[in-house]
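Which chain is which? They are A, B, C and D, in the order written, and residues in each are numbered from 1.
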Amino acid sequence: MNDAPLSEVATRQEFLISTIAGLIAGCGHVAVGSASPIPGSAALLARARSGGAMRVSVLGSLRNNFFTDGGVELFDCAAQGRVDAFFLGGGQIDGEGNINLVGTGAYPSMEVRWPGSFGSAYLYFLVPRVILFREEHTRRVLVEKVDFVSAPGKSDPGVYRPGGPHALLTNLALFDFDRGRHRFRLRSVHPGHSVEEVLDNTGFTFERPQKVPQTPSPDPETLALIRGSVRDEIAEVYPRFAAAAFAPRG
Amino acid sequence: MNDAPLSEVATRQEFLISTIAGLIAGCGHVAVGSASPIPGSAALLARARSGGAMRVSVLGSLRNNFFTDGGVELFDCAAQGRVDAFFLGGGQIDGEGNINLVGTGAYPSMEVRWPGSFGSAYLYFLVPRVILFREEHTRRVLVEKVDFVSAPGKSDPGVYRPGGPHALLTNLALFDFDRGRHRFRLRSVHPGHSVEEVLDNTGFTFERPQKVPQTPSPDPETLALIRGSVRDEIAEVYPRFAAAAFAPRG
Amino acid sequence: MSEHHIRDLFDLAAAVPDGAKLAVPADYSGVAMAATRALIRRGVRHLHLVCVPVSGLQAEMLIGAGAVKVIESSAVTLGEYGPAPRFVEAVRYGKITLKDATCPAIHAALQAAAKGLPFMPLRGILGSDLLAHRPDWRVIENPFEAGDPIVALPAIRPDIALFHAPLADREGNVFIGRRRELMTMAHAARRTFVTVEEISETSLFDDERLAAGVIPALYVSAVVRAKSGAWPLGLWNAYEADDAFLRRYATLAKTDEGFAQVLARWLDEPAMAAE
Amino acid sequence: MSEHHIRDLFDLAAAVPDGAKLAVPADYSGVAMAATRALIRRGVRHLHLVCVPVSGLQAEMLIGAGAVKVIESSAVTLGEYGPAPRFVEAVRYGKITLKDATCPAIHAALQAAAKGLPFMPLRGILGSDLLAHRPDWRVIENPFEAGDPIVALPAIRPDIALFHAPLADREGNVFIGRRRELMTMAHAARRTFVTVEEISETSLFDDERLAAGVIPALYVSAVVRAKSGAWPLGLWNAYEADDAFLRRYATLAKTDEGFAQVLARWLDEPAMAAE
């Protein structure tokens, strides 16, 4: 896996797009928030493969966003149970699935301040399948305990919470989240990387099978879709991403 | 006052329109509910006289209704403090200003059932100047105590209530409502009627001045306005009313 | 659109189960009368009718036909044509369960469902006998100010929202213009069935001006074409109510026999385009 | 429109008092940057900025210019152009009071104000550190189910809502299309100031399609024409953000000197049409 534009080899972004698309297959409605070109591309890929069964709402798009009730609609729609999957990131993500989009150090005068929590403190509770996606896989990002909980990975019994973390994808590996044990479990390591590398670069403990499989690479058909209709569609919202992230068309 | 179409004499409806217009003069925004041709005409008259200072929202109109947020907007708008006057009727109205739009006898299997409370249980609390308007002036309508309180004339201390009853207009007379004492006070009796007639036909006690004035009749200029632009505008919503209620143009 | 097997009014009526909590709009908003006729023809029973926020001929005829068990409404009236006689009769003899409401309470309870909330607070209502007869409405304290009571209304989540609109497209997007209460109904309900005058071959999202007044297909389970689908009621910007029908109805429906006669004639009217 | 004396950006800026609670939209919605420039020129101070539900360059520049005392937002970021450097700096040195929120909480609190409610309940949030740092947010019991905690958010009633739209008419009706959050802002705020690209000589209510996406003049205090009024940000369906400006800004604003330089240059740009 590398960024070289060889048509038979996926770029890093194409690989991630393909992997995320696999995580949301079968969903009826996938919503994509702002500043999310890779999840957006993945949702468009999954839709292309669904034979018309999947809806996708890409925030910021005019052509792939059918909301007509303003900024609140995504949140209402999720609370109605009409959003099956969503994507969240995090400046920090910890082993219990807590995410931090606010900053490091003591609140409020933080050493490092990030933009803020966006809709995470709500959507993490209400969307059944939340995919945590953060490209950087380091002990700086994947920590034992976040400095600030923008949105918790687990809730007390009695708290209304139909949603929560489903998986965590980074540049190195893919984890499932075990909602019973509130811990991540390594599902697969990406080609060119090892379990040791994952262990070295992860600040929290996690479960793993005795033999960790490799994350599958996209097949040629998938790559053609990504470099074709998906690239064209995502370019509406993320033109610079579309120009840089994909290998030339086959 | 009669229904004869003599251009110098107001019809009963024209007289009421003129009287209501006087009650809402100076308001910034007057809203008119459904099935209210006389209040609607009165609001349009008051607007015509205001020199552009008054807004009017007539429910059911396309030309004189600028709401764009659906059926809830009138109520939200009132709660925001942006509706200065509204009109309510009542199958029964009692001496404390309670109104009943539900029926007579024991709820729920009532002897006489009326349509229902509409928005009264809300707007009566929130609109500063609610005009009670009921053409029939009898002891059947104006009762000592309503059988069912759709909306109360007064509220306990501590209840949020910027609005309430302001006046009561019937075919016989005009009353003010004293919000301190929670009682009506006779302001004037319409031409051709007497205080005795009002007393005989009112089921509740009310205050009155020693000498009760006569309700003023519309002047020729007002009648011309009513029979001109007001008639044309109200015809959009109430064509049958517009055809029947007005004297021929002068 | 998720229920592609619904292709005509017959299918639509078959898809409304007995006992459904059915939300319907006020006369000014677009009432699916052709679909209502199909419902009565199929003999629907035990409906829990939620009127948003009031109803007229539709509730009246469903009640007269014996299709309604519970009605939640702020009013039922034929408006200019007078009282709704079958409603009045059913109330007097306790044939239907009443949930008397006030307009903004129904809007707020639907908005609660549309926001996935268990309840919505609302001003007013305190001291009204409505509250005394609605054990499902509670009075709570404003958590931000002691001694400030406020009503809490439980969310209304209809099983089905049913209404008539001027236009939809092949995807199931529906133009409702300024009739935003229809949007709230669709957001709040589990399923939404819409009848329309016309179906556009191009997407309603192609025109940004139109788009602002569109319910997205995401919320729409089925669209069926029904030309003059609001008749004998009117449709905004399209046609007026049928004055002669409504006059005749208001007179005849005062008696059981008269109602049976007007209902039978209405059910016998020639089938509509989509039926 | 109620404030007819406001005829240009100078008047508009003069009508925003120091200390105002000012609601502004997200970048995708229509940001009144020309008006923001006029505000900074007039030296506005102590603003309580409510970002609906996030902000970018606008909050960043107001903060850099020392105009902001309190900021309530779900995020401040330059998006593709990276962190908002003046915001980050102001946070680190405690120069502004933070009211960190989450997007639906800001929407809900504005909807509470638009409905005249003291508060709105909202799902989620429980267990987030946001709640720990927002003493104005409360946790109450769902009155309809014991043991079901839910957050109650106090209404946000802005003194002024300020945004940029493509079109208004002479009456003060403003077309906002699908950007309904602008409608909620206008309903919630005491006063609403709008800058627009164009002013139509005919009423926006003449076209029923357009009408569905219109904020009625009833809620609009003043409309001022400002061609390219969102620049250097973009406006939906009209123009893109100014890539070169934003790149330069993101680089220069990392230092006090760089920010002073880019701000001074921005304030010196030739006056807009309406100024």
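Note that in this section a residue touches a chain if its C-beta (ideal position, glycine included) is under 8 Å from a C-beta of that chain, and two chains touch if they have at least 3 such contacts.
Note that this is a predicted model, so its numbers are computed, not measured.
Student: If you check the contacts of subunit B and subunit C, which chains show up for both?
Tutor: The common neighbours are D.
Student: Taking each chain's centre as the mean of its Cα atoms, which chain lies farthest from subunit C?
Tutor: If we average the C-alpha coordinates per chain, A ends up farthest from subunit C.
Student: More C-beta pairs touching across which pair, A-D or A-C?
Tutor: The comparison resolves to A-D.
Student: Can you work out the whole-Å distance between the CA centroids of subunit A and subunit D?
Tutor: 29
Student: Could you put a whole-Å number on the gap between the CA centroids of subunit C and subunit D?
Tutor: 37
Student: Can you compute the centre-to-centre distance for subunit A and subunit C, using the mean CA position of each chain? Integer Å is fine.
Tutor: 41
Student: Please work out the Cα centroid separation of subunit A and subunit B, and write it as a whole number of Å.
Tutor: Those two chain centres are 59 Å apart.
Student: Which subunit A residues touch at least two other chains?
Tutor: 62, 67-69, 75, 79, 126
Student: For subunit C, which residues are shared contacts with two or more other chains?
Tutor: 108, 115-117, 122-123, 148, 150, 178, 183, 208, 211-213, 237
Student: For each chain, which other chains does it touch, given as pairs?
Tutor: Chains touch in the following pairs: A-C, A-D, B-C, B-D, C-D.
Student: Within their complex, state which residues of subunit D touch subunit B.
Tutor: For this pair, the touching residues of subunit D are 113-117, 173, 183, 187-188, 205, 208, 211-219.
Student: List the residues on subunit B that touch subunit C in their complex, please.
Tutor: The contact residues of subunit B facing subunit C are 34-35, 59-60, 62, 67-73, 75, 79, 101-103, 107-111, 113-126, 148-152, 155-156, 158-160, 238, 240.
Student: Within their complex, state which residues of subunit B touch subunit D.
Tutor: Touch list, subunit B to subunit D: 29, 55, 62, 66-69, 75-82, 126.
Student: Across the complex, what residues on subunit C touch subunit D?
Tutor: These residues of subunit C touch subunit D: 108, 115-123, 138, 140, 142-145, 148, 150, 152, 154, 176-178, 207-213, 237.
Student: Mind listing the subunit C positions that touch subunit B in their complex?
Tutor: Those residues of subunit C that touch subunit B are 26, 28-29, 52-54, 73-77, 79-80, 83-84, 87-88, 91-94, 98, 100-105, 107-108, 111, 122-130, 133, 147-150, 178-184, 236-237.
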